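Both of the next two complexes hold chain A, though its partner changes from chain B to chain C.
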Partner chain A sequence: MDNLNIEGTKQTPEIDFDAASGILKISGRSIPENTFEFFNPVLLWLDSYAAEAPEKVIAKINLEYFNTSSSKYILEVLKRLKNILHDGKDVLVQWYYEEDDEEMMETGEDYEDVSGLPFEIIAVEED
Partner chain B sequence: MAKQSIYQREIENLEQSKSFLKRSEYSKLELQLEFKKIVENYEELIDQVKIITKISDRLQKKLNRTNEALENSNNQLAELNSQLNETIDQLTEAKIGRRAATIVMMVAIALFIISEAFIEPQIDKMFSDNFIVGLGLKLVVAILIKPGEDFANKYMLRKARKKQLEDAKVQGH
Partner chain C sequence: MNTYEKFRKMMDNHIMLSFKGEITSDIINMVLQIMETRLDAVAEKGSVRKKIFNVLVECMQNLYHHSEPEVPGQIHTRRAMLELSFNEDYYFILTGNYIKNKEIKRLKERIDRVNSLSKEELRKYYREILDNNRISDKGGADLGMIDMARKSGQKLDYNFTEVNDELSFFDLTVKVAKKK
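And then the complex of A and B:
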């Protein structure tokens, strides 16, 4: 299966999904003009990936800021990861936040609660 | 544009339930299954609304705090800018003041030389009490030094400010 790489912009996050290694990275800022247009290929890729995922899948989410509609799509991404988990694969979500960004840390905790996926919430130093 | 909506799946679920409602007959099992599906969808929607609202409120709070910090920075910047402008004005005034004093002093020296070389001999010829007239003339020159300096100062300052405004307009464009 092909990897999924979408370069990040000021409004859209970088997507770096490595099919073989199972490392799925989403990072940057997510305030796209058209959220559907941006996230639909990501969700379609994850739908196809469910059948071909390796034994261990790690989603590394490192978002600086995202809008409300992106928050819905992040939930959709997590839902697809949950499907992979249900297929018997080992799935871990690593949620990164800048150490003084309490809101982003709490948001990670909320996603952990609602998704039921194993989460690691990791503080990173500011650039 | 339902296909392009971020709620595509939810809209599809609703459409399916609406089509089910249009049927003329239902078996008890079909009703149970449809009701179960609707309850599950509803439960999922509530979960989504709960988390999205929570996250949205939190992000709004973050945005608000960032805006406040930005506003504070802007105020500090405006204050510093005003202090800088004040200092620049003071420096310009001092520089112009010095230049005006130099010009007036040179004019006074020129007047003194002209007075000594050309006017005094004429006074000597024209007036009998030439000492008093000569002294009076020098006094007038001396008295005019200060107002002359003020006038030169104001004129040069006005010119410098006009130039500053023009420069600012050019930079603004």
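And then the complex of A and C:
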């Protein structure tokens, strides 16, 4: 299966999904006005990935900002990962936040709670 | 008021940016860019800066998605306003846009509900809506107001001014506390 690589912009995050290694990275900011347009290909990729995922999948989510319309789609991404978990694969979400960004940490906890996936919430130092 | 007086007034009120017109995708990007520069200039960084950004993005996208045109059916008359300012204690993000009178009740109820909730209740409500709501066609999914209240940690201040039988002007001020 092909990897999914989408370059980041001022409004949309960088997507770096490596099919074979199972490392799925989302980073940057996600504040587009039309969230569907951006996330739909990402969700479609994950749909096909379910059948081909390796034994261990790690999603590394490192977002600086995202708007509330992206927040629904992030949950959709996590739901796709949940399906992979249900297929008996090992799935881990690593949620990164800048150390003084309490909201982003809490948001990670919110997603952990709502998705029911195993999460690691990781503080990183600010640039 | 002559121009100098206008200028003085903007200075005294610490207006960082003021805009009136249609909110397009390009305008949103430009405002965010200007604000990055302005916040650099006042050396605001870290969590306060992020809060301002988050609130600003939500506010502008509300204007982008929900402004009603001044003249029914004429999209280019979706005029709105945006003003960013500060005082000793807070940053203020003020937006104003037209809204249909018949939509006031629902919007008012939503904001009042958000304002009535504590920090923990807001968080619970956010999780509930995130989990249950379908994505609305305008993308807002009702999370915007909750998110602004959470990020700002302040009550949302709003007014409706009736314009005519169809329309009112809705203004919303969100405050973000400066770091002490």
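The rule is simple: the second predicted complex is superposed on the first by the 127 of 127 C-alpha atoms of A that agree within 3 Å, B and C clash if a C-alpha of one lies under 4 Å from a C-alpha of the other, contacts with A are read in each partner's own complex, and residues count from 1 in each chain.
To be clear about the criterion, contacts are C-beta pairs under 8 Å (C-beta built on N, C-alpha and C of every residue); 3 or more make two chains touch, one makes a residue touch a chain.
For clarity, every value in this text was computed on a predicted model and none was experimentally measured.
Undergrad: Have a look at chain B and chain C on chain A after the superposition and call it: clash or fit.
TA: Overlaying the two structures gives a clash between chain B and chain C.
Undergrad: After superposition on the shared chain, which partner residues are touched by A:Val114: those of chain B (first), chain C (second), both, or neither?
TA: Touch partners of A:Val114: chain B and chain C.
Undergrad: In the overlaid three-chain picture, which partner chain does A:Thr35 touch, first (chain B) or second (chain C), both, or neither?
TA: Both partners, chain B and chain C.
Undergrad: Which partner chains sit in contact with A:Asn67 here, chain B, chain C, both or neither? Use first/second/both/neither.
TA: Once the two structures are laid over each other on A, A:Asn67 reaches both partners.
Undergrad: Between chain B (first) and chain C (second), which, if any, makes contact with A:Glu125: first, second, both or neither?
TA: Neither partner.
Undergrad: Which partner does A:Lys10 contact after superposing on A: first (chain B), second (chain C), both, neither?
TA: Once the two structures are laid over each other on A, A:Lys10 reaches chain C alone.
Undergrad: Of the two partners chain B and chain C, indicate the one touching more residues belonging to chain A.
TA: Between chain B and chain C, C touches the greater number of residues in chain A.
Undergrad: Please indicate which partner A:Leu75 is in contact with in the superposed arrangement: first for chain B, second for chain C, both, or neither.
TA: both
Undergrad: Would you check which partner chain A:Glu103 touches, where first means chain B only, second means chain C only, and both and neither mean what they say?
TA: both
Undergrad: Among 58-66, 112-120 or 130-138, indicate the stretch of chain B whose C-alpha atoms run into chain C.
TA: Among 58-66, 112-120 or 130-138, the clash with chain C belongs to 58-66.
Undergrad: Overlap of the chain B and chain C footprints on chain A, residue-wise?
TA: Shared contact residues on chain A: 35-36, 65, 67-69, 71-73, 75, 101, 103-104, 106, 110, 114.
Undergrad: Chain C touches which residues of chain A in the complex?
TA: 10-11, 31, 33-36, 64-65, 67-69, 71-73, 75, 98, 100-104, 106, 110, 113-114, 126
Undergrad: Taking the touch rule as given, give the residues of chain C at its contact with chain A in the complex, in rising order.
TA: 25, 28-29, 32, 46-47, 50-51, 53-54, 57-58, 61, 64-65, 123, 126-127, 130-131, 133, 135, 139-141, 143-144, 147, 150-151
Undergrad: Across the complex, what residues on chain A touch chain B?
TA: 35-37, 39, 65-69, 71-73, 75, 101, 103-104, 106-107, 110-111, 114
Undergrad: Give every residue of chain B touching chain A within the complex, in rising order.
TA: These residues of chain B touch chain A: 4-6, 8, 47-48, 50-52, 54-56, 58-59, 61-62.
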